[in-house]
Amino acid sequence: MKVSIYGAGRVGISVAFSLLHYGIVDELVIVDIDKNRAEGEALDLLHASAVFKYCNIYAGKPEDTKDSDFIIITAGRAQRPGETRLELLADNVRIIKEISENIVRYSKDSLVINITNPVDVLTYFIWKFSGLHSSKVFGTGTTLDTARLRALLAKHLDISPASIHAYVIGEHGDSEFIPLSNAMVGGVPLTDFCEKCEKKAGDTIPCISFEKIANEVKTAAYKIIEKKGATNLAIGAVTAKLIDSIWKNERRVWTPSVYIEDVYIGYPAVLGRKGVEKVMHLTLEKDEQEKLEYSKAVIRRAIKEIEAAMLI
Amino acid sequence: MKVSIYGAGRVGISVAFSLLHYGIVDELVIVDIDKNRAEGEALDLLHASAVFKYCNIYAGKPEDTKDSDFIIITAGRAQRPGETRLELLADNVRIIKEISENIVRYSKDSLVINITNPVDVLTYFIWKFSGLHSSKVFGTGTTLDTARLRALLAKHLDISPASIHAYVIGEHGDSEFIPLSNAMVGGVPLTDFCEKCEKKAGDTIPCISFEKIANEVKTAAYKIIEKKGATNLAIGAVTAKLIDSIWKNERRVWTPSVYIEDVYIGYPAVLGRKGVEKVMHLTLEKDEQEKLEYSKAVIRRAIKEIEAAMLI
Amino acid sequence: MKVSIYGAGRVGISVAFSLLHYGIVDELVIVDIDKNRAEGEALDLLHASAVFKYCNIYAGKPEDTKDSDFIIITAGRAQRPGETRLELLADNVRIIKEISENIVRYSKDSLVINITNPVDVLTYFIWKFSGLHSSKVFGTGTTLDTARLRALLAKHLDISPASIHAYVIGEHGDSEFIPLSNAMVGGVPLTDFCEKCEKKAGDTIPCISFEKIANEVKTAAYKIIEKKGATNLAIGAVTAKLIDSIWKNERRVWTPSVYIEDVYIGYPAVLGRKGVEKVMHLTLEKDEQEKLEYSKAVIRRAIKEIEAAMLI
Amino acid sequence: MKVSIYGAGRVGISVAFSLLHYGIVDELVIVDIDKNRAEGEALDLLHASAVFKYCNIYAGKPEDTKDSDFIIITAGRAQRPGETRLELLADNVRIIKEISENIVRYSKDSLVINITNPVDVLTYFIWKFSGLHSSKVFGTGTTLDTARLRALLAKHLDISPASIHAYVIGEHGDSEFIPLSNAMVGGVPLTDFCEKCEKKAGDTIPCISFEKIANEVKTAAYKIIEKKGATNLAIGAVTAKLIDSIWKNERRVWTPSVYIEDVYIGYPAVLGRKGVEKVMHLTLEKDEQEKLEYSKAVIRRAIKEIEAAMLI
């Protein structure tokens, strides 16, 4: 199985490193405009592969990504002093445009997973530029946020994340939210769980602690970036797990950024060997539905803004 | 880590074989009154261990189970022509009584997992005879039935069992049932899922296919026993997974047979290194609550019957 | 990934059960002339799959094996009272002839792994009857015996089987042997290890205990069959591991039954996605070379005998 | 199971991240003088744990390491402009002295694995300062170099690293070497393998390519550091694997830095739950033995130098 990763930065390498642990990859190509960085990381990864399963890992050019099973996009550049958010964004759109063209040229049958931020917006443009079917192109969406939610709930409730069935959906950004009406813990609605829980923190539903947790999820990235400059480990772990699950054709429900109506947005969907195999139909409360629509609107606006600025 | 298994029959050996795949056991003792069988299986398992992680596996006597981390009970005998169900049961109670005494003698700090049928009733007596705390003694309960339900729903819905959050609870027997009001598929209530599902088979909720699946779960054992004489693989896989999960202290929610009020019954509970760490509080609809009470009554009656017959 | 197993007996089902633990199979077809048995086992396995990764498992006909990635052969029948070894063998050759024809008809691109005994002889005929390239057809050969050797040495030396590099080669039968000159333990020749080992049992090389272990390996099957009627767990574990390793394209060295000169025989070879990717060239001492030639002669004679008897 | 890691730098975090994949840790404490960095990494790791098994991960003080099963040391500081190698070393010795004292204070029953360079020398001082038994204190030694060798040979020979039994031993530094007389590939001495190999590059033994590979192993760190500033992934993967293997009590042979005569040096040894359970006795050729003695002398000299400089 062949995986190509665009971007040998903190995120790209975390994905690659985590992925090695599954022993499923035969060939791993790392493409970065910083050739040195890509070569150094590829060599370190190659040595690591001896621990799991030998994998042919090397720093490559776009043409080396030929016939990949998965293309992972983490390439991007950081903000420069004095430039506007839109200037940066326009530049990153140009980067993913070039990558999209290379995908179609060399690996049109691959599954494409985008991580570069703003993930929902850029996934939309990768889909647009590549012309691939929307089931073949998706972003990590709110899978990372969902993992964070489960980790924090697991810590709070003393229960395995595997038994906590709660999702973060919407834009991977400030407008994301937790449709609490659908959250369950081991067969118990989370709201009931809190009510009956010995640890109950207040008499409202959701309990006070839950609001705190939801807020921690939303601000997690800011906090980590403030402390260590970037987030990379959890997104690496989540993406590698996604790839393994898809490769094994598990058909689990995740919250990738998938195509709904006219935008890409984080929403429960089944991922399997064919890509996005099914988008779920959540049953949302009225206020949750409104939050979702609002989140779509945020993404829609960002797309339009770029289209206007870039005359796409 | 040390595991002792009472019973080298089809079930006991399936548990042992599956368990080897996790590479977590150092010493595995197999106790059976049929010494030859136990020795043959132990040798075959010992050879198999080379594939995973070497494990010291041997056929032993009760005293060899000393200081086990887990005691797994699968010992029992089959019905003899002409004897009544109660005669058989009384005999099996005598067998587990002896085993319970050995547990207290040699491994009073171990976790005890009972599989021998009728699993809820016998787990109750193991708890009674051993005098151990109820958090240390539990049965496989409806964990097998829950696995069956998820496999069949996975097949029907084309979605991973890992994303299907539905439980079978109650007696591991005819009075077990699925509290449908709590069943979710990837964040969607199963009842809604069926309603909106393209595969919808009828206009009732749950859809016709669901009734069929629920019935298949309940009759699965009969069907398999009719065709191959016994069921052993799925219960082996489920029990080994339980042991691995407990050993890693995952604290997942399972449906083991746990002590509730005055009986042992299959019910969602958190299992971790300390054993039964938390019994969940399900929010049941009225008819579901009635089914649960009925199921408890069935088990309670069986316990009383044995106590009467054996003058316990 | 699709696997088809011929034979739902003890061995076939052990392979299937072990294989589920790797979570790599999508479709598993079990073909047996005893339809009931195959159906019962398939259902039990299907339920077990919920614990690992859902797999579409069913009892099928040869046409259901279409486009398998792996075909595993464990079909055979046991000796009947009064019949000669050759009569039984002729019958089993007829069975594998039919299977070979079905392989070519439905799955000519699959890898074929034979387990049915006498494994070397029957693998030869499967290769002959199917007309497939010899890199696509191989037997389990002495992989089981090698696992047994490592388990027993591990027990004796208190060292992981993973650090014991010793092989059993030759006929999977009485003429098999251990080329001791090539056996290493963690970088130390086994012969030196014994000499310097605190546990040294004699002053000859190999030490007395080693002769005992070598003998235990050779007689393991007899002993287990005497005690439990058949051997199935270790061969199941070894074969499933083989399949996983091949599927992941690990290219490890095993001792499968591979085509050498004019026979199939257990010999170190590299197995990968393309099948037998390389047969090693052992450097043997003179007496070891003689043993190997003798073992080949034994297999060659058996092949000729059948060809004569069946007028192939 | 509890692990404490000193040093939240590139290496420490790679160890932690890789370790999460094994799902065996319950509590993970990260201690760094840079509190912010440790907190950021701990939070990112905590989120990642949701993908595997929830783990209580936090940035802590030495007292939080209480009762750890493993202490991993990666703390150190880089060279400052103008200072001598010995000045830096003396400072790092002071750092590990403080850590050693904390180990004895809070976790005297833990296994201690040192990674900080110069690994052999510092492991010696950790042993000295802590006063722990030498079986409880070891360094990663040449385990990383051995992994590199196997990865590169695997690439060259198209064979799994798992079937390549070759070791790098000696100082983790310029005087390390490969005792070629003991190197095997799937039962074939590496020297023979090269001779008979179709890829043979020259008529000397070892073939020309082998010399190149041996040299690549030795210079790997320099090359990677030149390209990406540090090496961290392979050492992270190797150390996490070590911890998993030890925790499972596999008793594999590795090449940790272990106490031999009067120094710590990379040498084949069996690692299990009790720590260094057995140091192997390699059978070396004369020139190999000389290389080993030279390597010991290099380490011995470094130890003396520090003892003199620090008046220890």
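Order as written gives the chain letters A, B, C and D; numbering starts at 1 within each chain.
The working rule: a residue touches a chain if its C-beta (ideal position, glycine included) is under 8 Å from a C-beta of that chain, and two chains touch if they have at least 3 such contacts.
Since the model is a prediction, treat every value here as computed from it, not as a measurement.
In this assembly, the chain whose C-alpha centre lies farthest from chain A is C. For B-C, the equivalent interface among the listed pairs A-B, A-D or B-D is A-D, as over half of the contact pairs agree by residue number.
Annotation: A-D is the more contact-rich of the chain pairs C-D and A-D, by number of C-beta pairs in contact.
Averaged Cα coordinates give chain A a centre that lies 43 Å from the centre of chain C. Each chain gets a centre from the mean of its Cα atoms; for chain C and chain D, those two points are 37 Å apart. Put simply, the C-alpha centre of chain A and that of chain D have 33 angstrom between them. In chain A, the residues that touch at least two other chains are 53-54, 160, 250-251. Of all the residues in chain B, the ones that touch chain D in their complex are 23-24, 26, 53-54, 248-251. Contacts from chain C toward chain D in the complex involve residues 158-160, 162-163, 165, 167, 179, 182, 184-189, 192-193, 196, 245, 250-253, 268, 270, 277-278, 280-283. The touching residues of chain D, counted against chain A in their complex, run 13-14, 17-18, 20-21, 36-37, 39-41, 43-54, 56, 144, 147-148, 150-151, 154-155, 160-161, 220, 223-229, 231-234, 236-238, 241.
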